[in-house]
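Across the two complexes that follow, subunit A remains constant while its partner is subunit B and subsequently subunit C.
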Partner chain A sequence: MSVIEYDVIVIGAGTAGLTATAWLAEQKLRVALVTAGEPTACLSTGCIDVCSRDDQPLAGIAGLPDGHPFHRVSPEMLGQSLDDFRQMMADMDMPYKGALEKNRRVLSAIGTFKNTCLVPATMEASPQSDDERIHLITFTGLKDFYPGYILSRFPNASFSSYDAGVSTTMGIAANFEDSAFLETFLLWLERQKIREDKIAFPAVLGLESAFSVLKQIESRLERPVFEIPTLPPSMPGRRLFNAMKDHLRRRGGVIYWNWPVVGVERSGRQIEAVTTEAQGRPNSLNARAFILSTGSFVGGGLYAKRDRIVEKVFDLPVFAPENRDDWFDQDYFSMNHGIGQAGIAVDDAFCPTDSPWNNIFVCGSILARTETLKNGCGHGFAIATGRAAARSCLERLK
Partner chain B sequence: MTFEHCIRCTICVENCPVFRVQPDFPGPKQAGPDAQRFRIGREKSIDDWVLLCSQCKRCEMACPCGVEPAQIILRVQQRYGLEHPHTPAHLLFANNYYLSALGSMTAPLANRMAASNIGKKILGQMGIATYIPFPKFSFQTLSREKKNRNRGERKVAFFYGCFINFYRPDIGRKIIRMLQSFHINVVLPPQVCCGLPALGNGNLALARTFARKNVASLSNYIDAGYDIVYTCTSCGLCLLQDYQGILEIPEAKKIAENCYDLHEYLLKLIAEREIHPVFREVNRTLAYHIPCHLRALKIGYPAADLMKRIPDLDFTILDDACCGLSGSYGFKKTNEAAALQLGERAVSLVRKTGAAAIISDCGSCRMQMGGLSGMDAFDPAEILCESLGIRDKK
Partner chain C sequence: MIKTDVIIIGGGATGCGIARDLALRGIPHCLIEKGDFAAGATGACHGLLHSGGRYAVSDPVAAKECFDENMILRRIGEKCVERTGGLFVRLPGDSKLFRERFLRSCDDIGIPTDILSSTKALELVPSLNPDIEEAIRVPDCSIDPFRLCLLNMKTSQMKGGLSFIRHRVTEIVQSHGRCIGVKATDAATGEVKEIHGNILVNASGAWADLVARLAGCEVPLTLSKGSLVITNHRLTDMVINRLRPSSDGDIIVPNEAVCLAGTTSLAVDDPDALSTQSAEVDTIIGEAGRMIPHFNQARIIRAFSGVRPLLKSQKLDSREISRGFQIIDHQNGLYSIVGGKLTTFRLMAEKMVDAIMNAFNLKRDCETADQPLDGQEELSGYPLSKRLADMKNILCECELVSRGSVEKIIQETGTRHVGDISHRTRLGMGPCQGGFCTFRALGVMHDMEILTARQSVQSLREFLQRRFRGIRYALWGDQLREEQLVEYIYLGILAMEKTRERH
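Entry: the complex of A and B
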């Protein structure tokens, strides 16, 4: 067995885990991130939802039911973690816009609005009402983006279609990284004689350089341009993940890809190590503390059996509505499926309650009563709890 | 895990380098788990686009559900290879080992031929791309190295791989000298190609022949108390993963349990306080291009952990881009455009770091990145040797 020693091991590479790891690395701890695969963050819109149920995120948080883990994060901690996030993304040349005081709207690919707090700068010009005059650009054969949905809700919108030679979001985004392609495209765009005030694109304006591509289009067409998030593969989600990952590494954190944790070594009330599979010998990662950020059901942190829900790494006690009948609402699209509350209940230090181990900290959507969809507690919640759990972990180690 | 565990999240597609630049390839999700649902029958395979997969394994590293798209595609590639005639390029690259042996034997002539215009034309006719120069054959291969026993207790059987043997035996000699400087007893066991090029070109039977020979030889050394150390990450992946997996070699588990990446092995000996290397300053700024197959080995980035101990050495880890060559993949005319586009992207990421040279564990990555950028491309072992003051004899 190959044994590797760290101060802290973080399990799960979503926004919560990435935030916690990067912050601990900044505090000069020896920290590593272990992940079974890439996170659901890659599939996201890249928007930072703090609490989207209210027009004001802070008021929304205050109105969350008792026992919601957001109440364990102080407003200062929330503000600080989001400020740091914005600074980090600006340093990576992917600035974010918005403020904690007020949520803003982002136009979705079906013409509805999504409430969110911080948006990638490529979505800053997204319309705030459906009477705005916008011109949509779509791409021949791009099957995941139908302008018709938006046109049906926006009376002052029109569209044109460009043949990019490829018909997938990934392929088109890769083309936009090529300056010759961009130039040809811009010449075509100028010929369209667009009259509307703003120009909209599905989110395919490049992989790493989206912001600078957008700026070039804006300066040539002399009006605001914005991206509309698409179905996965979602470029804004990928950009967010890549930037957070690079930032983490620059701070000295280590990432182990595709290392699903298969075993745990315990001693007394402490977890001493987690083991992961490898082709030859298993790896044993020893650490003084562990942070669990493996996500909820889709992320793979929780798994529902017929009779109970299990937490897959440490087998921590999972909170879930007691009565099995309360797990699901009759209406499929309801926001009130009780199963959304399932997760790990924690104390003020983000340590699991009723757990036999005292060196585990939990953050992100695996926390009990989060109800990510219903409350609109997305990446913003993950960033804030990731930071809070990491700080609590650091205090414990001192 | 089987294809049925796929939840169709497309994270694998986002990670596929080929999908990014090759519109004919439907991506790992469609080529792997999706199409697998239709491959159960006995009909002859018609999905020739599976050959466009370069087997970089990035999809497998990214999949959150443990589905192995590349593994599914690899098996379909073998089936396609069985049912259809092979192109000259596929035949040549599958037999790369024999070809290289011949090339090395006639090194001065073979090198001149490969670099000449006529040579390039002939290669082009056979469907082989020549956008970067072919590596130069070395007349004095590593396998001809004289035995040089050292009386250490720690015994290593070095699986050097074809690239070092035929093209860069100087790196191999440095590595041997480095291990010997730690009083490790190094031998060069009888060995042939690991079999990965044959697998990559749809020649399962040939791959199995190579694998059986290697396992028979290495197994004896393990019994005699030797640890197997490899340095080529693709050879390593084949020894560890494919021998147990698709090639179904008995005893492969024993090989996997006793096989170490060179840097992983050094770290292990340092952790066990068996060796105490003293690293001296190396004043370089480097970009560490992580080979896809190093990621797939799931041993972390051990060379990076070692190089962190070298004073003054400044390096940036880049693990998001595939160099595009993928062994013999980029050398085929059909893949040339994709390989070039991917290679140029990888090089542009290197340039952004401001590095003066590239390091990479994989010989073919170095060939591509060095060839396209004109920068020096080193094996991390060369940097370690520089720091430890170990030089090639010459």
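Entry: the complex of A and C
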């Protein structure tokens, strides 16, 4: 078995884990990120939801119930972490727009508005009201985008359909990376004689280069263009993840990719190492401290057995409604499902409470009482708690 | 106003069977159903075409009826019956005395049995608990209740019979003490249709008493709730029964790509207010897991309940109440047909129509046992090669349903309901339970101008609520994980919850 020594091991490569790892690497710690695979960030809209339940994120956070983990992040820490995020994404040619003072609206693929704090620049022109005049472009055979859903709520919208030769989100996005395809497309688009003020696309304008593709369309058609987030596989989510990952690698960060953690080595009140399995071979990753950012159920950090909910890596105590009947509300749309509370309860240092271990820090959506959907605490919450847990970890190691 | 001879209230197996029998005997009729076909007990059962073995000891008359009907249905309904065969398995500790009584009763009734050693049984069904003492083979089959209803209605439609689904009977029209018609309200438009006929048949199952009361009559029923779970794949190719007196969770039935296991039996008052309890789900899984151990790890994709409408009796345990059926002549032109089983629906229909012919003083023998069900030639089954041919345009990845086949169903039926597509293609019946493909199917319906965009969104909302009622009692493990993803898509990415504001 190979044994590798680090200061900190971060487990889980979502926005929380990537933020924590990058920050610790900047503090010159020996840090590594270990992940079982692609995070759920790849399925996301790429928008940075800080707290979408209120028009103002900070007011929204202030109004969160007592015990919500967001109360453990200071406003300065939140502001700093989001500023750093925006700087990082600008450096990666994937600028984000928006401000912590006020949420903005993003048009969804069903014609509703989603509240969010920061958006990829490709969504900056997203309409802020349903009387805006927009022209939708769709692609023949694309099965996860139906303009009709949006037209039903936008009286001043129309659409046209382009045959890109392929019908999957990924396939069309890959085509947009090809300048010859883009040129042919632009000639077609000019022939459509679009009269509306803005042009909307499902989010397929490139795998990585969407921002520059969008700029080219805008300059040719002389009006704002924006993307509408689609069902997974979601290009803006993948772009976000890839940019954060590449940024980390540029800083010399180490990522153990496709290395699911299968075991833990303990000594006294300390976790000494996690063992992972890659290519059928066990490896031991030793560290002085561990940051858990494995996500909630979809991410695989939590797993619901029939009688209880377990945390998958360290078997930490999980806060959750005790009775299975209380996991879900009767009304699907109530946003009040008890399961949203499930997770790891932490103290002010982001250390799990009632845990036998004293060198674990927890961040992101695996935190108890987050209620990601109900409160709209998404990537913004992950970035802020990732940063906070990392700083707390650094202080402990000093 | 619509005039006909016979009005049938209820579009379950019994009502659809009566419509077919009337059609074959040349009697004009009109069927009215408040939901979709097979929406009540018919669609909320195992889909087991009983060999009769299950009732051989407790109710030999019902058992004999089941056996005879089983033989008829496998002949006339090739495309909705799968000849799986069934096993009654005896686990360590199960009564040997019951085994003797079971074999003797089956023999008396004429149900063929075949005693298999555990080794032989495991060869037939490798997933069986290796600890079983023995197994007895019987001619059980699995049957698709949705198709069964649709095929019965096909004959009715071919012969000019009328049917209105999603119409609720709100009034029974009477004149001089006789029932002469009904008023039925269209759920979608609120429009009221008045339909007159000479005879009214109340085949509304668990709702029979509520319907009869519209005419000032009563139908004494005991309502018994039975819950079932569905696994995400087929754990056995044969029907598996527990060789013991009827009890919770003692039947597992393979059906298409999945397996159903159940049931439970709890008395209820209101057929419209059913909920499944976690304890029932756990019991079913535990008991099914004793016969097929993998059940304990299998992904459960749905847990739901149906109501057995049983004839009222003094006996307390509803399992002891006869599964036989009864025709009640209310002496005012209204008949109620109650009790019975899915397996015996054709026989029930035959007896009901015999009574109607008698009342009309007409003579024409029942032909439903001899004629194959109409419309079967159109059912191709589900050959994988066919489903994969249009791989580029698959709307439902779980069940491999293409956009082309969805468009075809919409063109043929003109349906505005995504559920009608599911019943005909299995769209949305796989592990994600329509989480991904319903959004697409409704988008296609809008593209085809069957629905306005606003109606598509509304249908999607209703679908998600309905779907959730079916899955919320079976959410843990990987299924819960997938469900959280679906929830994230609809509430996180699409902000579906905000569609409510406008309605």
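In the analysis below, the second predicted complex is superposed on the first by the 391 of 398 C-alpha atoms of A that agree within 3 Å, B and C clash if a C-alpha of one lies under 4 Å from a C-alpha of the other, contacts with A are read in each partner's own complex, and residues count from 1 in each chain.
Basically, a residue touches a chain if its C-beta (ideal position, glycine included) is under 8 Å from a C-beta of that chain, and two chains touch if they have at least 3 such contacts.
All values reported here derive from a predicted model rather than from experimental measurement.
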Item to complete: Mind checking the superposed model to see whether subunit B and subunit C fit together on subunit A or clash?
Response: fit
Worksheet item: Once both structures are overlaid, what angle do subunit B and subunit C make about subunit A, taking C-alpha centres and a multiple of 10 degrees?
Response: 90
Discussion item. Looking at A:P232 after the superposition, I want to know if it touches subunit B, subunit C, both of them or none. Which is it: first, second, both, neither?
Written reply: both
Item to complete: Name the contact category of A:G165: first (subunit B only), second (subunit C only), both, or neither.
Response: first
Worksheet item: Can A:Y303 be said to touch subunit B (first), subunit C (second), both, or neither?
Response: second
Worksheet item: So which one touches more of the residues on subunit A, subunit B or subunit C?
Response: C
Item to complete: Would you sort A:R191 into first (subunit B), second (subunit C), both or neither based on which partner it touches?
Response: neither
Practice prompt. Pick one for A:T45: touches subunit B only (first), subunit C only (second), both, or neither.
Written response: second
Worksheet item: Of the partners subunit B and subunit C, which touch A:W327 in the superposed model: first, second, both, neither?
Response: second
Worksheet item: Touching A:M335 in the superposition: subunit B (first), subunit C (second), both, neither?
Response: second
Discussion item. Contact-wise, after the overlay, does A:K114 reach subunit B, subunit C, both or neither (first, second, both, neither)?
Written reply: second
Practice prompt. May I ask you to decide whether A:K398 touches subunit B, subunit C, both, or neither, giving the answer as first, second, both or neither?
Written response: neither
Practice prompt. Give me, in Å and rounded to a whole number, the least C-alpha distance separating subunit B from subunit C in the superposition.
Written response: 5
Worksheet item: Which subunit A residues are contacted by subunit C in one complex and by subunit B in the other?
Response: 40, 43, 167, 232, 298, 300
Item to complete: Spell out the part of subunit C that touches subunit A in their complex, as residue ranges.
Response: 277-278, 282, 285, 392-395, 403, 436, 439-440, 442-444, 446-447, 452-454, 456-457, 460-461, 464-465, 467-468, 472, 475-477, 480-481, 484-485, 487-489, 491-500, 502
Worksheet, complete the sentence: In the complex, the residues of subunit B that touch subunit A are 7, 9-11, 13-15, 19-21, 23, 27, 60-66, 237, 240-241, 244, 256-260, 264, 268, 271, 295-301, 317, 320, 345
Discussion item. Quick check on the complex: what are the subunit A residues that touch subunit B?
Written reply: 2-4, 36-40, 42-43, 165-168, 170-171, 174, 177, 232-233, 238, 242, 249, 254, 256-260, 276-281, 283, 298-300
Practice prompt. Flag every residue of subunit A that touches subunit C in the complex, lowest number first.
Written response: 40, 43-45, 108-114, 141, 143-144, 146, 148-153, 167, 229-232, 234, 296-298, 300, 303-306, 323-325, 327-328, 330-333, 335, 337, 339, 372-373, 378
